[in-house]
Amino acid sequence: MPRVITYAEAINEALRAEMRRDPEVFLFGENVSSSWRPATKGLKELFGRERVRDAPITETAFIGAGVGAAVVGMKPVVELMLVDFGLVAMDQILNQMAKTTYMTGGTVNVPMVLRAIYGAGKGNAATHSESLYGVYAHMPGMKVAVPSNPYDAKGLLITAIRDPNPVVFFEHRLLGRMEGDVPEESYTVPFGVANLVREGADVTVVAVGKMVQEASKAADTLKGEVSVEVIDPRTLVPLDEEAVLRSVQKTGRLVAVDEDYERCGFTSEVAAVVAEKGFHSLKAPVARVANPNIPIPFNRNLERHVLPDADKIVRAIKSVVK
Amino acid sequence: MSPGISDEQLLDLYRVMIRIRVFENGVRRLIDEGRCGHVSLSTGGEAVAAGVSAHLTAEDQIGSTHRPLGHLVAKGGDLKRMMAEIMAKATGTNRGKGGPYHIFDKGVGALGANGTVGGSVPMCAGYALANQLRGNSSVAVSYFGEGASNQGGVQETLNLAACWRLPVVFVCENSSPDVQRMLGHEIDYPQLSIDDVGARGAAYGIPGATYEGWDVEKVYTVTGEAVERARDGGGPSLLEFKIHRLGSDEDDPHCPIKRFREKLMSRGVLTEELDAEMRDTEAVNVKEAIDFAVGSPEPEPIDAHMGVFVEDD
Amino acid sequence: MPRVITYAEAINEALRAEMRRDPEVFLFGENVSSSWRPATKGLKELFGRERVRDAPITETAFIGAGVGAAVVGMKPVVELMLVDFGLVAMDQILNQMAKTTYMTGGTVNVPMVLRAIYGAGKGNAATHSESLYGVYAHMPGMKVAVPSNPYDAKGLLITAIRDPNPVVFFEHRLLGRMEGDVPEESYTVPFGVANLVREGADVTVVAVGKMVQEASKAADTLKGEVSVEVIDPRTLVPLDEEAVLRSVQKTGRLVAVDEDYERCGFTSEVAAVVAEKGFHSLKAPVARVANPNIPIPFNRNLERHVLPDADKIVRAIKSVVK
Amino acid sequence: MSPGISDEQLLDLYRVMIRIRVFENGVRRLIDEGRCGHVSLSTGGEAVAAGVSAHLTAEDQIGSTHRPLGHLVAKGGDLKRMMAEIMAKATGTNRGKGGPYHIFDKGVGALGANGTVGGSVPMCAGYALANQLRGNSSVAVSYFGEGASNQGGVQETLNLAACWRLPVVFVCENSSPDVQRMLGHEIDYPQLSIDDVGARGAAYGIPGATYEGWDVEKVYTVTGEAVERARDGGGPSLLEFKIHRLGSDEDDPHCPIKRFREKLMSRGVLTEELDAEMRDTEAVNVKEAIDFAVGSPEPEPIDAHMGVFVEDD
C-alpha cells in the first residue's frame, strides 16, 4: 500500500536516512534546528546540535564553511533559508563551491549540497520570491536539481547528498505541503533523467518545479482539444536533452515553462536546444512562459499577473498549435 | 527634569513612541484578521526610533530593516500611505509594489526598509557620501539588528564610513540571544560572538558604545552627540541599543513606553488626561490610515508590467 | 579628418566630459585614481580626490554606497576592477541597484553606472576571466551595455551616465588598446539600437563585445563563399530584437556568439527570440558559439580551446549554411 | 639562543625562509623572461609563512591568497608541481588548469591559493569545522592581507569561528597603506580604518594581537600559542603581522631573511658556509623544479572539456 507524505517530510526523510547512513553528512544553516520547520524538524534531537547546527546570519561565512568541509571530504548539507539571500554569498557559491573541482584539475572535489528554498506566490515581494535557478544553471560546476513532487524530492536529495559534486537543490516554498506517494525505504532518483509526467501527441511542455503542476492543469484544461505531453527535467544540470528532443520529434511543438526570469533563463535554454538540435522536428514557433523580466511585485494580483500559471500555459499552447 | 531636554521635547518623544505603538498595534490587528500579509513589527524599539529621529530633519536620511515601521513613523513617514502599502494598495508609498519590507518615503528621507538583512547599510554610506560631496550638513542614520551586525556588508560599511569619514550614525538594535534566552528560547550556538556590538566601533577607529534602548532619554542624548559629530565633519559613530521585542501590551518591564510614561508621570510632565488625549489622537490617525488604505484601489494589473525602468528625462 | 584613439581613451573622454558637464557625476572604485590605468588616468588631477576616489577592497560596501548616492540623485560611476569580483556584492547589485526603482513603485530611481571590466584571453584563469553579462541580463532592472569598439564605448558610456536607470557597462579587458575613429565632441549612442557591422545575405551572426571582431574575421574568412551579416546589439538590455529578426528574415539563418557561458546565456536568449518570433524565416537550425559551460582554464591552449573565436564561428556558419 | 627554540629549529626556520625566497626569485626570473604569466609574489613575508607552518603538520590545513607561494612552500608544497602549475603544465598541482591564484596541494593540507580577495577565509572555517566534527586535533590557518581583512566574508568568518569555537588561526599579513607610504606611494584615503588589524580580535571576543612580521622568532612563538590553543579546543585567534613587500634582494632593513641571518650569525648558530650550503641546496631544488616544469608536457586540449565534474564514486 503506498504511503502518502508531504514534500517537506520527504526532504526530512532523505536527510535523516543519509545522516544515519554516513556520519560525515551534517547540516547547517539559519534556524535549521528549529522545531517548527518541517524539512529539518527532529534532526537535531536525533543527531545532536553539532551535526544540526544553527548558523549566524552570514551566508558568505557559512556557505564557505560548507565548501571547506566538503573540500576535506565531509558531506555538508547547507540550507539557504531563501535562495534570494544567497546573493550576498555568490563568490563562495559560484567560484569556490562550483569551480574548485575544475580549477584544481580534479585533485579536489566538493561533495556539498546547497538546499535553497525558492519561489513566488505568497506576496513576499521582490527580494523573497525569486527562483534564480537560471543563474545557477548558467554558471558551470554545479548540478541543479528542482524537484516537483515528494517522490522526486526524496530520491533526488539522496542522489544529491551522495554525489561527489556540488549540487544546488531547489525546494519550492509552496510545495512543502504537497502530498504524494513516497516509499519508506531509501531510493535514488538519478540526475539527468527527465520524468515523462504525461504523454501527449500535439505539443511538448517542458516545465520545472512548481510549474509542473501548472503544466498538468493546463493539459487537463485542454483535454480533448490538444494532446499535451508534459516533461519534467527534474535536473537542469545535467539536462536530459534527449528526452526533450525525443518528445518534440513526436509533437513538433515546444512550450517551455518556468517561474524564473525569462531573459537568458532556463526557458531560453530549452528553446535554444530545440532550435539547434530539434529544428527539423519543429512545426511551429516555440513558446516560452516565464516571468517577463519583472521583479516580483508585492500586491498579490500583480504577482499573479507576472507569474506563469496554467492559464498562461494554455494560451501559449494554443498559440503554437493553432 | 532631564538635563538639556525640555518638557516639550520629552512629550514629543513620548508622542512619537505612542504613535509607533498605536500604528503597529493597528497593523497587528490587520494581520490577525487576515487583512494584510506578514509584517515584521518593531514593538519594543520605540524609544530608539523616537530618540534617534528627534535629531533628524527631512533632509537627513535613514536606512532601515525588515522591521521598518517604527523607524519610518518616527522619521515622519506618511501613515496613510504606509498603511496603504502594507495593504498592497495603489496609494501606498510604493504603489503596492514593494510591501512592508521595501517601504520608501523619499520626501521625508526614509530610504528605506530593506528585505535583505543588512542590505540598507551600504546604501546609507551612499546617502552620507552624497551629503559629503554636496557639502551640506545632512546626516544618514543606518539601522540594523544584532543579527545583521555580522553581515559582511555591514562590517564592510563600518570600515568604509570610517575611511571616508562619512556623516553617518550606525544604530544597532540588539534583541540578542541573551535577550531571547530571557524570553525562553534555547540557543545552541550564539550567533553573535560578543555581547556588545558597540564594542565593534573600536575595530574601525570610530566611537562605539552600548546603551539600554528602553530608555528614550538616554537614546536621545547619546544620539544627539553622534549626529552632531557627523554634522560637524567628525565622521561616523556606532551606537548599540539593547531592546526587547514585545507584543502589543505595555506590561513588560522593558517596555520603553511604560517606563517613560511612569517617569513622565512621576515628574509631572505627563498627566493621565494628556496621555489619553495623545493615545486618542494617534488612534484616530491610525483609524484614518486604515480607512484610507481600505478605501484605496488596488493597483491595476497592467501596472505590474510598468516601472522596471523609469522613463528617460 | 577622423581622430583615432583607443577604447580606454574613449572611456576616459566620456568620463571627463560628463564630469565636466554635471557636478553630480563622480567616480569611485579600487585604484581608480592610479595613473597607470588608462580609462581613469588624469581624472583625479582634474576633478579632485573627492570626486575620483579609491575605495577599500569591499565591493559590497562601495557598490552599495553607489546605490545610495544614486537614490538621492547623484550620478555615481562605480568601477568593478573585474566583473568576477562583483560576485561578493550581488545583493547590492541585483537587489538594491536593480530592483529599487520597481520596488518603490517608481518613487525612487537609481541613476548609477557600474563599469565592469570583463573577459578572457590572457590566461588569467577561472576567477579573473568571466563575462557574466548573461547573469546581469537575466536579472530584471538593469540596462546592460557591451561596447565592442572605441566609438561605441564613448557614446554608450555617455548615454549610460545620463540614463536615469542603473546601467552595467561591460568593458573587455583586451579591447582597451583597440583603436578607432572617435569624435572629440560629446555624442551619445542610443541603447537598444543594434549596429549593422556588415551586411550579408546568407547568415546572420549576432555577436557581442570582443566577439564582434571574431565574427568579422569569420566573415572575412568566408568571403566569396558565404555572405555573412554581422550584427552587434551593443546593449543586451534593452535588446534590439527587431534588428535581429529583420536580418534573419533576410538570411534565414542565425549564429549567436558571445564569450559568456552558453547555458542559459545570451546566445540562448537570441536563439530563443528567433525560434519564437522569427521561426518562419528560419531555413536551418540555429547555432550558438559560446563558452561550453566550462570554468576558464589557466593554460592558454586550453583557454583558447574553450573560448569562442573566428574559427569556431566559421565552423558554426558552415554547419548552418551547408 | 632564543628561549624555547632550539638551534635546530632556528635553522629549520631559516632554511624554509631561504627556500621560499629562492623559489620566488626563480619565479621572478621566469616572469621577467616572459616564460610564465603574472604571478603575485610574497617576498618579504617569508618569516610569517615559515614561523606559522613550523607548527603545522600535513594534517593541518592552510588557506591562502593571491600571493600563495610562500605559504605553500612553507606548508611543504611540492616545488616541482607548483612550478609546473605556474608554467601551466599537465604535471602541475592543478594540472595546468588553475594557475598560481588557485594552487592546491591537498596531500600537504595546502587548501589553497585563492583568486578572490578573502575568498579562502570562509573555507578555512570549514576545514576547522570538519576537524571539530571529526574530533581530531587538526588546526586550520587562514592567511589574508590587510586589504582582505575588510572583506565581508573575512569579517563574517571571524564571527562564525568565534561562535562555533573553531580550531582556526587567522593570520593577517599587513602590508598596509602606512607601510606603502613609507615606500613612497601616495594615499588619498586609507583603505583600512585602523592601524592594527589585530585589534579586531576584540570585536569577536577572541585573542587578537599585532607583531612585527619580519621577526621570525616572534612569529614562531606567538603562532605556537595560538595553534596550541586551537588544538586544545580553545577556539580561534587573530594574529596580525606587519610586513614589507620586497623585491628579490636582501638589502631592505625589513627583510626578514637579512635580519634573521644576522641574528643567527651573531649567535653563532649560522655560519657563512652553512648559509651558502643551504642556498645552494635550494637553488638546486628550484633548478630541478624549473627543469621539471620546462620538461613537462602541456595538458592535452581535450582536457579543457573534462573535470568540470568528477565522476560518481
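Order of writing sets the chain letters: A, B, C and D. Residues in each chain are counted from 1.
In the analysis below, a residue touches a chain if its C-beta (ideal position, glycine included) is under 8 Å from a C-beta of that chain, and two chains touch if they have at least 3 such contacts.
Just so we're clear, the structure is a prediction, and the values are computed from it rather than from any experiment.
Asks: Treat touching chains as neighbours: how many steps, at the fewest, connect chain A to chain C?
Replies: Counted as steps through touching chains, the separation is 1.
Asks: Please identify each chain that touches chain A as well as chain D.
Replies: B, C
Asks: Determine, using the mean of C-alpha atoms as each chain's centre, which chain is farthest from chain D.
Replies: When every chain centre is compared against chain D, the largest gap points to B.
Asks: Going by the touch criterion at the top, tell me which pair is linked by more C-beta contacts: A-B or B-C.
Replies: Counting C-beta pairs in contact for A-B and B-C gives the edge to B-C.
Asks: State, to the nearest whole Å, the distance from the C-alpha centre of chain C to the C-alpha centre of chain D.
Replies: Between these chains, centre-to-centre, one finds 37 Å.
Asks: CA centre of chain B versus CA centre of chain C: separation in Å?
Replies: 40
Asks: Please compute the C-alpha centroid of chain B, do the same for chain D, then give the distance between them in whole Å.
Replies: Roughly 45 Å, centre to centre.
Asks: List, in ascending order, every residue of chain B touching at least 2 other chains.
Replies: 94, 96-98, 102, 114-116, 119, 150-153, 156, 159, 163-164, 189, 191-192, 308
Asks: Which chain A residues touch at least two other chains?
Replies: 53, 55-56, 58, 60-61, 84, 87-88, 91, 95, 102-103, 125-127, 140-141, 293-295, 297-298
Asks: Among line, ring, star, complete and other, which best matches the way these chains touch?
Replies: Contact pattern: complete, every chain touching every other.
Asks: Of all residues in chain B, which touch chain D in the complex?
Replies: 150-156, 158-159, 162-164, 189-194, 199-200, 202-206
Asks: Quick one: which bits of chain B touch chain C in the complex? Just the residue numbers, please.
Replies: Residues 61, 63, 92-98, 102, 104, 106, 111-112, 114-116, 119, 121-130, 132-134, 140, 152-153, 156-157, 159-160, 163-164, 306-313 of chain B touch chain C in their complex.
Asks: Please output the residues of chain A touching chain D within their complex, sorted ascending.
Replies: Residue positions touching the partner: 26, 50-51, 53, 55-56, 58, 60-74, 76, 88-89, 91-92, 95-96, 100-109, 140-141, 143, 162-165.
Asks: Could you list, by residue number, the parts of chain B that touch chain A in their complex?
Replies: 37-38, 85, 88-89, 94, 96-99, 101-102, 114-119, 147-148, 150-153, 187-189, 191-192, 298-299, 301-305, 308
Asks: Which residues of chain C touch chain D in the complex?
Replies: On the chain C side, the touching residues are 33, 44, 49, 53-58, 60-61, 84-85, 87-88, 122-128, 292-295, 297-303, 305-306.
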